[in-house]
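In what follows, subunit A forms one complex with subunit B and a second complex with subunit C.
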Partner chain A sequence: MIAEFGLVALWLAAALAGLQLLAGFLAARDGGSATAEGLALLVRPAAVVQALLCIASFLTLIYLFAVTDLSVKLVATSSHSDKPMIFKIAGAWGQHEGSMLLWVTVMAASGGLIALIERRLPERTMLATLAAQAFVGLGFYAFLLFSSNPFERLNPAPAEGAGLNPLLQDIGLAFHPPTLYFGYVGLSVAFSFVVGALLTRQVTPEFARVMRPWVLGAWIFLTIGITAGSYWAYYELGWGGWWFWDPVENASLMPWLAATALLHSASVLAARDALRAWTVMLGVVAFSMSMVGTFLVRSGILTSVHAFAVDPERGSFILALLTLYIGGALVLFALRANTVAEGERFSIMSREGALVINNVALSAILGIVLLGTLYPLLTEAFDVRVSVGPPYFNPVGAIFFLPMLAVLAVGPLLRWRKDSFARIKLPVAIVGAVFVAVLVLVLALADIGILPLLGLALSVAVAIASFQPMMGRSLRRLPLAVWGMVIAHFGVAVALFGMASDTAFQQERLVAANVGDVVEVGSWEARLDAVTPVSGPNWTAIEARMKLSYDGGAEREARPQARSFWSPPQETSEVALLTRWNGQLYVAIGNQAQDGRWQLRLWWKPFVTFIWYGGLLIALGGVLALIGRVATDVRRRVAAGKIAQRKAEEAS
Partner chain B sequence: MRKLLVLILLAIAVPLAAQDSLPPAPYAYQQLDDPALEAKATELMHTLRCLTCQSQSIADSDAPMAGDMRHQVRTRILAGEEPEEIRAWLVDRYGDYISYSPEVSSTTWPLFAIPVLILLGVAFILRGRLRGAK
Partner chain C sequence: MNTTIKPKHQRLVLLVVAVIAMIGATLLAIVALRDQASYFYLPSEIGAAETGRDIRLGGMVEHGSIVTQEDGITIHFIVGDGEARQPVSFTGIAPALFVEGSGVVAEGSMAADGTFMASNLLAKHDENYMPRELAELDTDEVRAQIEATLQ
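And now, the complex of A and B:
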């Protein structure tokens, strides 16, 4: 009965989305007439009720997982009554159907939120936006209800569930996919605003200001999602890598790149009424990339093009949605592009000029990642298998990334519209000098590759440059959005420093050790004290007990494990991480060799943690900017309310 | 002639070693003593795909096949082979798919042509923007 309640709520929500689409579209088309006015009244409530129904449906699914209702097929195939409670609940969105329901729920909730509070744009634009939102939503409802029903029953119910992939039984991973989904959904809201603005010819600075918090929010979630995903891969896979240019990673990186570009161009549009068509185009691209990402991850095409061909239902569905949305948006863009005037002009030596370079570089990187990700799939379809990996992405991406960083160091110092180089000569000279100094210093002291070398020098230069916009300004009066920019740019430098440092200076030791042996790696000494079997709720493991000290300092303990889960059977590596301010020691235990020695893997990774600190700083910068923007908006609303009140009092 | 014999033996050894029941090859989980050679081997291993994993290099995987390939790479580096020779040998055996570092060939030229086009496109857009601004 409970499962059916969830399903009914979902159908009702889908029906309301249909109503929202029709009413919104008709009302936006023939605005002014009496019927249109009547229809317009339906749109916002439809969005709000739809949001509530979806939330109810999703809570139902969580309940079913919490009580392990095995008569529901999804619970039976992906959960198990022995699992810890937190993973039972997280299991609700740990597989395809549940994660799509989560997606739809977040999307409906966002739609409900804009219907409830957003009143800055002309009402016709809002109606068109909500209609577009419902249009996108309907596709996902159809997908969910026709090909991925999460509430499907199983008769007879099995005695026990089939369990969940133990690799996924990890608290980080339980929250990783939802984080990315929040990002994807935020981009879909931005997309709806773009379609609404195009349909009603309202590509204005006000439109950019309304859309910006959603892009910012999406971007924050994507940043956190990518950072967390990278850290997860780092400690879970057991070999110390933190980025593999894996298609799944690229699927999350591509929307991030597009969102980053969109964020910056929307700022230009909001502040200066320039880059109108470009911003609209990026809005379409950003959402397209999140759809491409979903398609890549959800269709099974990544395991093999042929696996996709065997069971193409889901993949085809997403592909059809993708074509429909993106194709439709591009046609709309082509039809309306000529009515979107170019906007204000500006000189290259200006904030806008720097942001254009940023946008073009980000788009180029996006193009390369897209190419490198899709190309092997394309050739595989013709039975030619090629691999595209780090040796391709790193140098080709760097061609655009490194110059972009140089512009990032200078751009925030420039004024809008027109500026002169003479005015910013001094700070630029300082940054340039720092760059050269670090370059020479590293070159003299160490023999490292060209990319890490440039990365190190640029990261230090950008770190200093990121604080320069604050010079000569009162810190207390500095807007929160500027703080956000400074911190996010600083985060880029920090992350880059971590990547370059780890790539250049990491030390690796792979040994077979007896109990009592001492292993050295970098400045660390590690002693293997014992190896013992241990067990947990659904696994057994071999655990190494080790004592380690850095540079002869105090001893610290590490207990890496090699775990075996039994339902379903799978081996994982639980590594031990010893963190210092200047890096992390990474210890993993492998199998026992024939002669009774244990395989140990140790890495000393200088400043590797900076990668994720940097990611978090970038996200923090985004949060500050978002708070700043929303607070400004709220203040404006309060002020506008007061003025309206006073006028009303004067009139009476 | 001896080199050839070693190669033949290795070729026979690979499928044998791929069986899980056999002890893992010694260099699968052990480094070469010479740090310079080990660095060479590591760099190469990071650019070879583990065929039985999903999107991992042989330097990042616990899979038995990755272990055997690490052993192969280290043994060959120790025998004095150059990394690119080893890559060529592996590509010859397993196809282009095994190498993460695509070479310009009849099947992969777009991977290199398109970035050049993007670069030209970037130059064109920027020039247009900058010209128009003056």
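And now, the complex of A and C:
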């Protein structure tokens, strides 16, 4: 009965989305008439109840997984009664159907939230926005109910479940996909605002201010998702790399690039009423990229180290939705773009000018990543099979990324509208001098590739430049949003430093060692003390016991494992990581050679951890900016409430 | 003359800058893709591959062909597709499910002596994951052929 309850709730939610779409659309179109007024009253409650129904449905699924109800097909095919409780619960969204239900639930919850609290925009625009939100939602309801029903029963129920892919039985990964989904869904809300604004011709700074927290929120989740995904691939896949330019990684990077551009252009629109059409266009692109991302991941159309399911039918469904949404939005944009009036003008030497360069560069990088990701599909049509990797993405992306960083260093110093170079000469000269100094220093001391070289020099220069906007200002009165910008920009520098340092200076040793042998890598000495079998709740493993010391210092222990899971059967490599302030030692154990020696692979990776610290700093910057924006809005509402109250008192 | 451009012109200038940048990026991407994409070959086609260029080789690991070298970390083996047999050398930790008789995709390049120097091996590492090229091989009759030749 419980599973049926979840399904019924989902159907009801879908019906309410239909109501929300119709009522919202009609009310926005014929604003003013008596029927329209009546319909308009239905829209916000429909969105709120829909959200509650979806949440109930999702909680039902979690319950089914928690009690391992094997009469439900999804539970039987992807869970197992022996699994630890946390993975049983995480298993609810660890596969396709559950993750799509999560997607729909988050989307409905966001729709409910804006219906409940958002009152800044003209009501007609809000109605159109909620109708658009329901339109996007309906596609996903159809997808769930017709092609991916998570509550399908199995008769007879099997005695035991098939288990969850062991690669996914990892606490980080349990929360990784939801994080990305929150990001994708946030962009869908931004998209709904864009459609609402276009339909009712309200592309205004107020629209940008209302949309901005959603873009910011989506961007924070995407940043965390990408950072966590990179770290997961780093320690779980056992190859020592942190970015593979894998299609699934690109699927999360592309919406992030678009969201980053949108975030910056929305700021221009909110502060200066410029870049109107451009912001609207980016809103469409950002949501399109999250749909493309979902399509690439869910259809399994591309080869990927992360691709866990291949299903052409679902791929076609998402492709149809993608075409419908993007095509529809582009047609709407084409019809309405000329009615979006020209915004305020600005000189190229201004904050807006710098942000335009940022936007164009980000869009170019987005295009390069998109083409590289889709190229294997295009050549497949001509029966030529290729794969595209770092030799393409790194240099071609850098052509736009490195100049963009130079602009990032200067842009925040410029004033809005019009500025002169003479005013910011000194700080720019300082940053330029630092850049050249680091470049010369590294060139003199080490022989490294051109990209890591430029990366190192730029990262140090940008790190200094990121704090320059705070100079001469009272730190206590500095708005939270500015703190956010400074920290996020500093995070970019920190992450870049980690990437460049690891690429330039990492050292690798690959050996076959007997027990008792000592292996040296970088300043580390590693001794293999023993290799023993160990076991866990649903796996057995070969574990190496090693003692390691850095530069003759205190001994530390490392225990890398080669694990074998039995339900379903699979092998994984559990690497051992020894972290120091200046980097990480990465140890993996491989197979045993015929003569009894064990394969060991050790990497010393200087400052590699900065990559993820940088990612977290970027996200933290976003969080600060978001808190700052929301706090301002709350203060404004409180003030407006007080004024209204005073007026009411005066009137009485 | 005023330094700020007229509104109508400014929008046009922005549009032109954006379009030029996007076209530039696209052209750059296309040229680089033609140079840098790594092509996939079966052992019977690999004669056409340029020496030293990054490519991928896919096929079945021949029974009894995996030989571990003195250093304990280099293996030599033969990949076949039923028509041709290609010697491969790989230094590193092979994936656990890399076994004789199973499918593999090797990333690397051809050496002058005709050996394929693999830098990475992608084996089928669970029930659901398989390199796309091999998934196709399976559906092909090639696989049946291979098994017939290998036994």
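We adopt the following convention: the second predicted complex is superposed on the first by the 643 of 652 C-alpha atoms of A that agree within 3 Å, B and C clash if a C-alpha of one lies under 4 Å from a C-alpha of the other, contacts with A are read in each partner's own complex, and residues count from 1 in each chain.
Here is the rule we use: a residue touches a chain if its C-beta (ideal position, glycine included) is under 8 Å from a C-beta of that chain, and two chains touch if they have at least 3 such contacts.
Every value quoted in this text rests on a predicted model; they were computed, and no experiment measured them.
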Partner chain in contact with A:Arg597 - subunit B first, subunit C second, else both or neither: second
First, second, both or neither for A:Arg509, with subunit B first and subunit C second: first
Partner chain in contact with A:Val356 - subunit B first, subunit C second, else both or neither: both
Partner chain(s) touched by A:Asp246 [first = subunit B, second = subunit C, both, neither]: first
Contacts of A:Gly389 with subunit B and subunit C, given as first, second, both or neither: both
Touched partner set for A:Phe421, first subunit B, second subunit C, both or neither: neither
Which superposed partner A:Arg345 touches (first subunit B, second subunit C, both, neither): both
First (subunit B), second (subunit C), both or neither touched by A:Phe146: neither
Subunit B and subunit C footprints on subunit A, overlapping residues: 238-239, 302-303, 345-347, 356, 360-361, 364, 367-368, 371-372, 375, 379, 384-389, 391-392, 396, 399-400, 510-512, 571, 573, 590-591, 593-594, 599, 601
List of subunit A residues in touch with subunit C within their complex: 165, 167, 238-239, 277-278, 302-303, 305, 307-310, 342, 345-347, 356, 360-361, 363-365, 367-368, 371-372, 375-376, 379, 384-389, 391-392, 395-396, 399-400, 418, 510-512, 562, 564, 568-571, 573, 588, 590-591, 593-595, 597, 599, 601
Touch list for subunit A against partner subunit B, complex: 237-241, 244-248, 302-303, 345-348, 353, 356-357, 360-361, 364, 367-368, 371-372, 375, 379, 384-392, 396, 399-400, 508-512, 571, 573, 590-591, 593-594, 599, 601
In the complex with subunit A, residue positions of subunit B that touch it: 23-24, 29-31, 42, 46-47, 49, 54-57, 59-62, 95-102, 107-108, 110-111, 114-115, 118-119, 121-122, 125-126, 129-130, 132-134
Interfacial residue positions of subunit C with respect to subunit A in the complex: 3-5, 7-8, 10-11, 14, 17-18, 21-22, 24-26, 28-30, 32-33, 36-40, 54, 56, 68, 71-73, 91-97, 120, 122, 125-129, 131-133, 135
